[in-house]
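In the two assemblies presented below, subunit A is common to both, partnered first by subunit B and then by subunit C.
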Partner chain A sequence: MVDAARHPKIDVRTYTNVERVEGYVGNFKVQLREKARHVLADRCNGCGECSKACPIEVPNYFEMNLAPRKAAYVPMSQSVPLRYTIDEEACIHCYKCVDACGALEAIDFSQEDKVVWEDIGSIVVATGFNHFDPSVIPEYGYGRYPNVITAMEMERLNNSAGPTTGNLIRPSDQKNPQRLAIINCVGSRDKRFNPWCSNFCCMYAIKNAVLLKQMNPELEISIYYMDIRTPSKGYEEFYDRARSMGIRFIQGRPSLITEDPQTKNLFVHSEDVVLGKISELEYDMVMLNQAAVPQPDVDTVSSVLNITQSPGGWFMEYHPKLRPVDSPTDGIFLAGACQGLKDIPSSVSSGLATASRAGRILHSDEWEIEPIIAQVWEDRCVMAQGKVCGVCSRACPYGAIVIEEGKAASVTVAKCHGCGGCVAECPHNAITQMHFTDAQVLAQMRALLADRPEEKIFAFRCHWCSYGGADLAGTSHFDYSANERGIRVMCSARMDPDFIYEAFRLGAGAVLYSGCHPQDCHYITGQRVGATRADRLQKLFEKLEMTSGRFRIEWISAAEGDKYSRVINEMQKVIDNIPHDQLMAEIERLRPEMEKRARRMYETPGVDKALVYSDEMVQAITAKEVKSGA
Partner chain B sequence: MAEQKPEDELRIGVYICHCGSNIAGVIDPAEVAEWASHLPGVVRATDTLYACADSGQTLIKEDIKKYNLNRVVVSACSVRMHETTFRAAVSEAGLNPFLMEMANIREQCTWAHGHDKDGALRKAKDLTASAIAKARFLNPLTMIKVPVTKRAMVIGGGVAGISAALDLADQGIETILVEKEPTIGGVMAQLNKTFPTMDCSI
Partner chain C sequence: MEHEKGSDLRDLLIVLPGCEKLDMCFSCGTCVSRCPIQQKIEPAYNPRRLLKMIALNMQQESFTSITPYLCSACDLCYSACPQEIHISAVLNGVKKLAMQAGFSTPLKTARVDALTCVGCGFCEKVCPYQAITVKETNVPLRGKNLLIAEVDGAKCMACGTCSSICRSNSIELQDRENSEEVVQDLWSWLETVEMGAEK
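== the complex of A and B ==
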């Protein structure tokens, strides 16, 4: 901690929130809100006179609310930086602190939040985890029984810098406990709350037990566990040491804790799996080794940084094996437990890994980004003909399209991230996206739907989420119907209604429109552009009395392989449930309407060639299919 | 790098990867290659044991020269896995990297349709045809070079964030370490002695 604060190249900004992130790799702009401390950092010498003078006491989060702090405070004596903060919510404005500070004049009540923008080349996200609140587990009585405490409360009670200077006492009578139970997996590996293993709690329980036993060899300690997980170097040996010290390990998840109302002692009811018996043992104190959960503001951080979450709320890495500290956004990296629970050595490793990954970029003078950006055909843009439009500009999440009266819209290359929203939204087909042109997509669609299209589930997937979800379905071997035929575009914003009309015109049995969940979108609001359009399409198809389920909208993250597989299988059932004649009749009935609507796309530059080529392709495919008898 | 004109005669090379048994355990890549060889614009189609291995990449690079290919289609794994690999390979052989297209016949085909081998084969053919169709209309593109601001930001002052910030700073990179609480340290600062060293956490 101190090393970080002392390092000449590190600028520590505490009491500060990240509010906005704009830009792209090498060129991020980050908006920070430095909250008003009402203390001038360059004058405060950390003497603490203000705190001594302050008459207000509130619970200290740092001490797990087991001890008070003043309204003028540092969370702990070793705070870095050692600068006091006046807690605006608790302060009664008596100004005794100002008097106590005296000639230093470090306290300034006129101070306001400071909003600053910083230019940044690369970002490391290390926002950590939170502790599960076990009061929602009724059978353990946390919050009702004073002597049932959490692991973090134990940490503070057992800490020489904590409120009891390391003297472990029972909250009910301040006596030292003689019999302590530690219960593992509280809120972890419990489908009612969190299905995951919280990773570090086994070693954490053993560590606490060993420390307490060293301090007081008379203390009887039992650890209730489901499994003891000791996979890393030295872990199993440490577990052995704990057992040799006389710490008792009982395999079983306690079903109930009851309290003797007189003594406030606790009875832990559990099965002892090894002995095959039910036990009910009396303790003076119980420590609940609580689960680790995502931070409460994880959704906000996700949307500020446009990073996806895995199930449970952990930030999603680019690739779980090969790029475990990269986020899907180039230049943003993930360190520590925010990506998935880690113990201290693993958190440090991942932090160091991000420094190496970010260093690759920050030591380069320039960085290459993919040229899959939007481009305007100036002769097709109606703005150039003096008409009022600007639809593209409104669809752009980055303000990358410049609109000037009488001039064709123009794309600022450095600002365009390549979602393709403007391309799909342009009512005059005057914009294209490099590498995802209408001609390319159309040629792909026609090849995929060349043969027996009515059997096919045609799936549009965004690159970042639903294409990743389809990958994960495969990686996890979640089988789904082989009639699925997918096309990848960068964002659901690129999924042009014309493509959907064309898919149905070609006779697709069903069409999936899928992308990221709104908070995960890689392009800020791209998904919303896509979702609004998809809803409009859905309404149109209802009006046209298309069989329900033939057009489906689903938001599927890269972590939801199971969902991708389920959705495709459900769509297969929709097709299976329509009698073939009826399906063919519906396709024929809707074809003229679809053709009328899709025709607009045929005027897009380059599409004429795609039509000619795909006719050849379809001929070749169908001929081969007949020949091979498939 | 040789400039490709979109109007040049189309010469597509198609490579169907076995990926050991990951793909070949479900479908016959040679059959897909034979089938693809009849599609318009395809002048070379073959199967290969591991397209991403040196041997596979060398085959593609040599073929680009031998057959004068101006588009390459690799039917193998996910673009999220090996798109950069094959872009680099074709680029080394003088082809613009954006004239390479992949079909995902592993994650999105054989791995998901092991229960339906005929269905998987039909799908692998269609996905390959689709990639060939897109390849027909690919344009050579140039990567966009952007400048780099040589400053890092670490969001979160716990043990992971501090480790990242220290290592970035030791590399000489100016680093802003942002923490929402009044002190850095995170959860670790609240802990008593920590495993495995059993020493003070601060």
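== the complex of A and C ==
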């Protein structure tokens, strides 16, 4: 930290909030609020005279409130930068600190919060985690029994720079405890509080036990655990070492802690799972190894940076295996535990990975993006005609579409990831997606449904999941109907209702609407946009009395090749079960309705050319069929 | 190992209300240590082991285990369980299945003396497990269509609340008598004899 502060190219801003973030990858504009310290940073030399003179004492949050600090303070002696701060809430304005500072004149009570805008190339989020408050678990008595402490309090008590200079004492009578219990999984692996495993607490408990045992070999330490998880290099060996040092491991989650009111000793009630018997052992002190939870302000950070959260409140990575430190928003990266719980080695690796990912952007003059992006036809956008719309902007998971009254919607190209949600949602067909224009998709559909369309199963597959699923079905040689005709679009969000209408108008026997599972979508909420639309279509087709099963919605991942082949085979059965003349009659009956609904597609630019081209294709295909038939 | 689906003890139990999270148990032992029964009454009592036996489809062992019969459904364990398993519902389910399979409770259950019961319904009101209902019954030697309390042996947890409130000392915790069926058979035989005589 000290090295970072001294580095000429690193600017450490402490006591500063990020309030707004605008712009896009490489060109962010960030609004910072530098909170008033009431100490001039360039004059303060960190001598600490103000703190000595200050008469006010408040609990020091850095010492887990086990020791006091002054109203003029640094949280700890190694603080970077070593500049004192005057705590406005605690200060009584006696100005003794001003006198103590003397000729340095570093204290300035007139200072106010400063708001500054900075140009930023890339952003790294490293907000870490918070500690679970065990006082909400009444059976462990934290807060009621003085000798029940948390892991962080233990951390301060056995730290040589802590309030007791490393002398482990119990809070009730300041005596050294002889028997210590450590309870794991307090608030984690517990559906009532946090369902996740907090990752590092097993090793943390063992580390603390070994450390305390080394300092005081007389101390009896028991660790209560449900499972000991030691998956990294050298961890299991460390666990062995702890056992050989005489640390007792008791398998069983304690259900209750009670206190002897006279001695303030504690009784831990648990079942020794191995013996199947209840044990009620007496201890001088109990340490609760509490769960790690997300920071309380993750929602604010999420909304400021436009990054999403996984269940539980950890920031969502772009891809859990392949892009673990990228956020879904380009140019914003996630380091350490804010993305998911990590121990120190993993946090360091994640930090190094993040630095190199962020550095790539800073070191390049130009930044390549995927060419598949949305583009607005300004003459077709009704916003330009002064009407109120904004449907596209609401569908965009990345906030890439800017709408202003009286102006056509505009796409911030660097923010667009090319899911095509806006394209399909636009009721006026005023947006298109490069490489997946309506004209291109239409041409593909016409060619694939040229010959005997009523026998065909037309599948829309999303690029990331169901296309992969279909591919896997093929490479794994899973049998599925040869009548399947599939095309690729980037996301289920791109599957325009017009495409479905057009497919049925062209006489398709059945249409499959497939994409990623909701939690796997590569475009944050793209699948959700697509799923809502698909449900709407399903209801419409029910109303139009289409045979059920001719339009089908399935979420198929890239690993589900068997599911893809099963779905296609089931759809084939649906078509087979309808008598041919009845199917033809239904297609004919629905054709005018479908034509009416798909009409806007034919108004979009480029479609006329596509029609000419696909007509040629259709002719060629039919000619070939006739020839081979003859 | 091939077996008929749905025949496992676990499959039979998981469809019962309250037993949905049966599979979630990771054997932490909180339920056992939260419960007063193992320490104060019966060392063999262990709901955690019963859950494990269910998972391993040990039907015979589960049905003969003392655990389902001793639970009083106070639900201290339910509020402490980190996996939110409604353990008393599972134990009750095992008890019900055991009864259906012809096992009987090794414990006492409340039993009504039909000759003295006045059908006041106090016991029905106080029973915490809704095991008692007052029904119109034909009582031999006493009369027809009398209101008499009746105990559902599968629901009774032998708490004794009913016998403490009964004004006529007609309901008490008693061992399950095997002679019950014999007496029942005797009466039905007598009835047929009577009917034959009338004819």
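As a working rule, the second predicted complex is superposed on the first by the 368 of 630 C-alpha atoms of A that agree within 3 Å, B and C clash if a C-alpha of one lies under 4 Å from a C-alpha of the other, contacts with A are read in each partner's own complex, and residues count from 1 in each chain.
Assume a contact is a pair of C-beta atoms (placed from the backbone, for glycine too) under 8 Å apart; a residue touches a chain by one contact, two chains touch by 3 or more.
Computed from a prediction, not measured in an experiment: that's the story for all the values here.
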If you stack the two complexes on chain A, which partner ends up touching A:Lys191: first (subunit B), second (subunit C), both, or neither? second
Thinking of the overlay built on chain A, is A:Asp479 touched by subunit B (first), by subunit C (second), by both, or by neither? first
Is A:Ile10 touching the first partner subunit B, the second partner subunit C, both, or neither of them? first
Could you tell me if A:Ser270 is touching subunit B, subunit C, both of them or neither one (first, second, both, neither)? second
Of subunit B and subunit C, which one touches more residues of subunit A? B
Look at A:Asp42 in the shared chain and tell me whether it touches subunit B only, subunit C only, both, or neither; answer first, second, both or neither. neither
Is A:Ile278 touching the first partner subunit B, the second partner subunit C, both, or neither of them? second
Doubly contacted subunit A residues - partners subunit C and subunit B: none
The residues of subunit A that touch subunit C in their complex are 139, 185, 189-192, 226-227, 251-256, 269-273, 276-280
Write out the stretch or stretches of subunit C touching subunit A in their complex. 24, 26-34, 38-39, 43, 46, 48-49, 80, 82-84
With touch defined as at the start, can you tell me which subunit B residues reach subunit A in the complex? 35, 38-41, 78-81, 98, 104, 106-116, 118-123, 125-127, 129-134, 136-139, 141-196, 198, 202
